[in-house]
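Read from first to last, the chains carry the letters A, B, C and D; within each, the first residue is number 1.
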Amino acid sequence: MSGSVFGNNIKVSTFGESHGKALGCIIDGFPAGMELCENDIQTYLDRRKPGTSAATTSRKEDDLVEILSGVFEGRTTGTPIALMIKNTSHISSDYSEIASCYRPGHADYTFDKKFGFRDYRGGGRSSGRETAARVAAGALCIKLLSLMGVKIIAYTKSIGDIEIDYSNFDENMRLSTPTCMPDQNADKRAMELISSCREQLDSIGGVVECKITNVPAGIGEPVFDKLDALLSHAIMSIGAVKAIEIGDGIKAGKSRGSENNDQFIADENGHITKMSNHSGGILGGISDGSEIILRAHIKPTPSIARPQQTVSNLGQNIELSIRGRHDPVIVPRAVVVVESMCAITLLDLMMTNMHSKADNLIRFYS
Amino acid sequence: MSGSVFGNNIKVSTFGESHGKALGCIIDGFPAGMELCENDIQTYLDRRKPGTSAATTSRKEDDLVEILSGVFEGRTTGTPIALMIKNTSHISSDYSEIASCYRPGHADYTFDKKFGFRDYRGGGRSSGRETAARVAAGALCIKLLSLMGVKIIAYTKSIGDIEIDYSNFDENMRLSTPTCMPDQNADKRAMELISSCREQLDSIGGVVECKITNVPAGIGEPVFDKLDALLSHAIMSIGAVKAIEIGDGIKAGKSRGSENNDQFIADENGHITKMSNHSGGILGGISDGSEIILRAHIKPTPSIARPQQTVSNLGQNIELSIRGRHDPVIVPRAVVVVESMCAITLLDLMMTNMHSKADNLIRFYS
Amino acid sequence: MSGSVFGNNIKVSTFGESHGKALGCIIDGFPAGMELCENDIQTYLDRRKPGTSAATTSRKEDDLVEILSGVFEGRTTGTPIALMIKNTSHISSDYSEIASCYRPGHADYTFDKKFGFRDYRGGGRSSGRETAARVAAGALCIKLLSLMGVKIIAYTKSIGDIEIDYSNFDENMRLSTPTCMPDQNADKRAMELISSCREQLDSIGGVVECKITNVPAGIGEPVFDKLDALLSHAIMSIGAVKAIEIGDGIKAGKSRGSENNDQFIADENGHITKMSNHSGGILGGISDGSEIILRAHIKPTPSIARPQQTVSNLGQNIELSIRGRHDPVIVPRAVVVVESMCAITLLDLMMTNMHSKADNLIRFYS
Amino acid sequence: MSGSVFGNNIKVSTFGESHGKALGCIIDGFPAGMELCENDIQTYLDRRKPGTSAATTSRKEDDLVEILSGVFEGRTTGTPIALMIKNTSHISSDYSEIASCYRPGHADYTFDKKFGFRDYRGGGRSSGRETAARVAAGALCIKLLSLMGVKIIAYTKSIGDIEIDYSNFDENMRLSTPTCMPDQNADKRAMELISSCREQLDSIGGVVECKITNVPAGIGEPVFDKLDALLSHAIMSIGAVKAIEIGDGIKAGKSRGSENNDQFIADENGHITKMSNHSGGILGGISDGSEIILRAHIKPTPSIARPQQTVSNLGQNIELSIRGRHDPVIVPRAVVVVESMCAITLLDLMMTNMHSKADNLIRFYS
C-alpha cells in the first residue's frame, strides 16, 4: 500500500513537501468533457491560502495552480489531470532549528521512526500544506457534482467554546468572515478568543461542519464502503482531525431508539421523506436523499510559541519555543479541505452507483 | 468498487445475509505458518453471539465456524482462508411483515432505492449479523498480532448516560459482564437502564472504547492512509456507529495547543516517551509507540416494539410495531467487532510498514 | 497485495485447495436484479468437469455448485454472491508420494520456498482445480454480458501440431468434441495424438482461441488498464498459459505497417468499420467495435507417468514416476476458463466505461 | 477504475500528453533512504530518447527530468516522488491534419468513441511519448533492485525477420547499436531492413526479449497475481505490444510434457537447481530462482507515409499520407520501457513477498 493515493474510480495521487520545489496532484479517472480552467481551481485554493486575516499565519503563499495535462480546448479529456503549485515564498532558515528536535504534537518523531530520517523543512510531507493538493483535486469534483445539482457547504461551527448560533446562519458569510463562521456575531467573538490565544503564545481547536444537499438516495456501498465509512476515512485523513460525527454523532450514543429513529412519511404522490434527520442523511451506509451532515473536530495548532519540553533527535531533553509564522487556529483553513475531501469521496461513490443494477448496464449499452 | 472487500495486503471479502444459507469470509494475503484451528476463531464468535444475557436478544444463533481452506496440518498456508458460518435457527415468518415496509433507522429504504429490491428477511445483507464474518477474520489477525506482542482491548465505556469509572477498571471483567463493561458497578446500573428501556419498548445507545498497546512507532502511512484514517474507515463501516474519536477526540476541538500537545521526554538511555497521550498514540497518522485509544459512538437499536410511523414500499403511510427478538442495545455485541476491525486494519499497515525503508528490502533479500 | 482477488468494480475472491473441504468464490460488486439460479452456473462447470472423455482424466468430480448468498427470489441482490463447490471424491492416499518431492513443471518447489511448506494433496492451491471457482464467477458475467448482446466463444485451436481448419469451423461443435475443437476432423486427429502421448506416458500442449463479438467501441482504459493488458493479466493468470496473443499477435512483430494497419471505411450512413482486423478488435487499448480475438498458448500437463529426475524436499536426487489419473492435455478443460476470465475482465471494464464522460453522470442522475 | 495508476505497494501514476505542457509521474510507496539524483533517471530516459540514430525519428526531445518531491539531501524520503519532463520542442502545426481524421492503427477512433473528443496533437495521451513517464519510474525501481542484486536486461531480439544470433551475444552492445540488438552483425542487417522500409514509406515490427537474473525463488502470488500474469499486464500495457511469451512461450503449446518439464537436480550441498529452463524462471506463477525470460512482440509503427484509406471524424472516406517525423520501427525505443515495466512489477511483488510468512512479521517486529 502507498499512502498518497485516494479513491477508486477517481484516483487522486498527491505529492509535495512544504518547502520542496512544488506540490500538486494527478486526478485519474475524471470524466471527459467537463469545462475546466485554472480559475475554477484557483477559487478554491484562494480559500485555503494563508495571510488573508488575523486568523491565519502571515506567511504569504500565492498557491497558483497550473494545469499540466488532461485538459484540451477548455475541457477535461478523460485522461489524467496533473495540477502543480510551485513553492515560491519559503525561507528555509526559518525552520533550521526544528531539523534536530521533535516538536510536540507534530509528526517529526513518527516520520523519523518510520523512514529513518525526514525532510524537516516546514514539516516536509507532514505539513498542512499538502492539503493544497486535496483542494485542487476537490475543486474539479465539486464542479462536476454541482452540474449534477449536488451542493457541498462546510463552515466553522465552533472555535474553542465559541459556537455559531443557527438562527444567525448566513451561508455566504462563511466565505467572508476570517473564521469562516456563517454567523457574524460568533465570528467576532471567536476572533477575540484567537487574539487572546495568540497573545498567550497559544493556539486553539475547533469544529468544521459540512452539509451536502441534493444527493440522490442510493449512494454508498453496503458493509465496508459505506458512504459514512468512506467520508470518515477521507476526513480523518486530514491532519489534525481527531474525531468525526455523522448526523447526531456522539449524541446518538446517549439516545433512545424512539428519539434517534427518523420516521418515514409519504406525501399524496407517494414521495417519501423523513420527519427528522438524526441519521445525517445516511442509513445502512447509503444516502437516504436527505441532507448529509458531518462534523470534523480539529485539534489546536501544535506549533506554539510558548516554551515546551521536548527531545532532540540525539535523545537529549531540551526546551523549545517554536518561532515562525503559524496559524493560531487550523480550523478556518480546513473548511475548504473538508469540502474537497467530501466531494472526491461522494463523486467516486456516485460513479460506482451507476452500475448497481443490471438494468443500468443493459440500458446504457443498448 | 465493490463494498464487501476490506484491506490491501490482507483482503477480507465477506458474504452472507441474515437469513441466507450461510455467511462468512475469505481472508486473502494472510501470512503462512501460523497455527490455527476453528477454536481460535470460535472464541471470538462466542463473544458476539446473542442470547447470552438480558442485554442481548433471546434469539439463539450458534454461529459455528468452519474452516474451508487455507489451513493445512494445523497451520495457515499463505493462501486464502475461507470461513463459513451456517445459518441454522431462523424462522423467516418472524419477519414477513417487514417485507413491505421501511423500518425507521434501518437500511430497508436505501437498499430498495439502490438495488431496486432487497432480501428483507431479517435485514438481509444490512443485518448486524454480517459482523460475524468480520469477527471471524479479525480473530486470525488478533492472534498474529498477539504473537508480535500487540494487545487489543475493547469494552463498553457507556450505555446511555451510565459510564464506567476508570478507578474500578478491571480488564477481564469486560468478558463476563452482560454489558461488556470493565466495571461491575457501572454494569449493574447499565443493566437496569437497559431493562427500563425494554419495558418502555425502547432501546438505547452507547460507546465502545478500544485500547491497543505495544504497537511499535512507525505504523501508518502519511496523507490518505494514516493509521487513524484507516481505523476510522474500519470502525465507521460497522453498522450503527455514528462517530469516532481518536485520543482526546472531540475534546481536542475545544482545547488549546498547550493542553493538547504531548511533550516528549527522554530517559537516561535516550529512550523517548511522551509525558501525556492526548494524541491517542498517533501523530501525523503514524503510531508514536504509546497506547492507541479510540471510541466508537453507537446509536440505539433501531428495531423497537413501540409503534412508529413509516411508509410501505407502495408509498402508503402506516404504523409499525416491530415484533421479534431484538437487542435492546447494540453496544455489548459490538465490542468484539471493534477489536476485530482494529486488528485487521493494524496488521495490514504493519505489513506495509515492512517496506518503508530501502534497507529493509536489501537486508531481507540478502 | 493478496493474490486471489481479481477485478475492480467486480471483485472475485477465490478460495480452495484441490483436496480441501471445498472451493469457491465470492463475487462482490455484481449488479442487482439479474435472474440467476444454480443451473446457470452448473452448465459452465460441467464444461470444465473431468472424466467426460479420453481427453481428460478419469477422475470423477461432480463439481456441484451451491449459491450461499447474494441471490433472493431468483435474482441477484447487488450484494456478494458466494458460491461453493464441495470436494467429494478425493482419495488423498493417491498423492502421498508427492508430499516429499518436487514434481518437475509444478509449483511444489516454489510454494515451499515462498511459504515454508505447502498443502501437497493434489497440488493444493496450485492445482488446476482452482479454476472451477473462476468458471463459477465467469458464468455470471457471461450471462450479464449476453443480456447486453456480447458473445464470448473460446475453443481449442490446436493440440500439438494438429490445428483446426477454419473452413470446417462449426461453433457449436466445440461443446461436443472431446478436444473442444470446432472442427470434427481436426478433433479426430488430435484425439489420436493424445492417445499416442498417453501411451508414451507423455502429455501435450496446445492453443485456445477466444473471440468476443458485439463489444461496443470504447471499452478499456488508456495506458495501464488497456483492455488487452487486462485480458493478458487475466489469461496469463491461468496456470499453464505461457503466451498470449491479441489479434495478429506474434505475426505483428514480423509485419510491415502497410500490412498490419487496419484501414477505416465508412458506409453511406457514415457508419465506420475497419477493412481488416489485424488489431484483434483493440486500438490503443480500447475496443474498436470489431471482433476481439486472442490466443492462449498452454503448456503440456506437467504430471507425466514417464520417469523424471527430481529432488526431494530433503535435497536428495530421486527418480519420480507420477501416478494417478491426470489429463494428458490441459487445453480442452481450459477453454471454458478462458471464456470466464475474458467475461470477468470485460464486464468490469464495461462498468468503468459508464463514467468515462461527464455527460453520462449528469444524464444518469438527472 | 482509473487507467493511469499501476502497482500495489508501489503505485505509479502517470500523466501527460505528447504535446501538452509536461508529462511525468508520481511514484508513491517507494522505500525511504535510497540515494537518488536526477542523473540516475536521466540515463534511462536518454536510452528512450529519439533522434539518436537512423532507427528512430529525427524529432528532437530532450526529455530532461526534474525531481519535484520525495527526495531530500540526496535520498528518497519514503513519500511520493514526483517527476516532471517538460515538453519543449513540439511544433503543433505538424499535426493539424490529423485533428479531423482517424489514422489507421492508432487510437484516434477509439478515444473519440470513448471520450467524445480527444487531444489530437501528436496522439495526445495515446502517444508512445507517455512511456517516458514509465521509464522515469522504472529507473528508480531498477536502481533499488540492483542494490538487491537483481539485474534486468532487455534488448532487441528481432526486427522483421532479422534475428540476433545468440553466439554473437554481447550484452553491452545493446546500449550502443542503433537497433539495441546485442549482436553487431544482426544490427547491421536490421538497419538495412529499416532503411528499405523507410524508402518504401513503410515501417516494420519486431521483438524485445528481457532477462531478469538473480531473483530469489518465491516471488509472485498464487492464482491471479502470478508473477507472469503481472508481468504480462505490465508489458501488454505498453502500446503496440501484441503478444507476450514467458520462457518457451508459444513453443510450449506444441511441446510434450517430457520436453517442457524442467527436471530438478541437487548438488552435494542440497542446493537445488533446474536442468533446463523451459518455464522461463516461473513455476505456478512464482519465481523458481532461475533466469526469468520474456518476449514482447511489437507491431510496426502505424504512422506511415504511404497513402492509406481512412475516414474523417465527419464520417467521410478519405486518403491519408501521414507526414512528420516518425520512427520507422518502435522496437529499439521500447527496450528500456520493457526493462522499466518489469522492474516496477518485480519490485512491487518483492515487497509483497516480505510478508508471506508469519515468522517474517514476528521477526521484523521483535
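In this text, contacts are C-beta pairs under 8 Å (C-beta built on N, C-alpha and C of every residue); 3 or more make two chains touch, one makes a residue touch a chain.
Just so it is clear, the model here is predicted, and its values are computed rather than measured.
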{"item": "Most distant chain from subunit B by Cα centroid", "value": "D"}
{"item": "Chain pair showing more contacts of the two, A-B and A-C", "value": "A-B"}
{"item": "Inter-centroid spacing, subunit C versus subunit A (mean Cα positions, whole Å)", "value": "44"}
{"item": "Whole-Å separation of chain centres (CA-atom averages), subunit B against subunit C", "value": "38"}
{"item": "Subunit A-subunit B separation of Cα centroids, rounded to whole Å", "value": "26"}
{"item": "Sites on subunit B at which at least two other chains make contact", "value": "1-5, 8-9, 14, 29, 32-33, 78-79, 114-116, 125, 216, 222-223, 352, 356-357, 359"}
{"item": "Partner subunit A, residues of subunit B touching it in the complex", "value": "1-6, 8-9, 14, 102, 104-107, 109-111, 113-116, 125-126, 130, 158, 160-161, 197, 202-207, 216-226, 228-237, 239, 242-250, 252-266, 269-272, 275, 279-280, 283-289, 297-304, 306, 308-311, 314-317, 348-349, 352-353, 356-357, 359"}
{"item": "In the complex with subunit A, residue positions of subunit C that touch it", "value": "8-9, 29, 31-34, 76, 78-79, 144, 147-149, 216, 222-223, 350-352, 354-362, 364-366"}
{"item": "Sites on subunit C touched by subunit B in the complex", "value": "1-5, 7-11, 13-17, 20-24, 26, 28-29, 32-33, 66-70, 72-73, 75, 77-82, 84, 114-119, 124-125"}
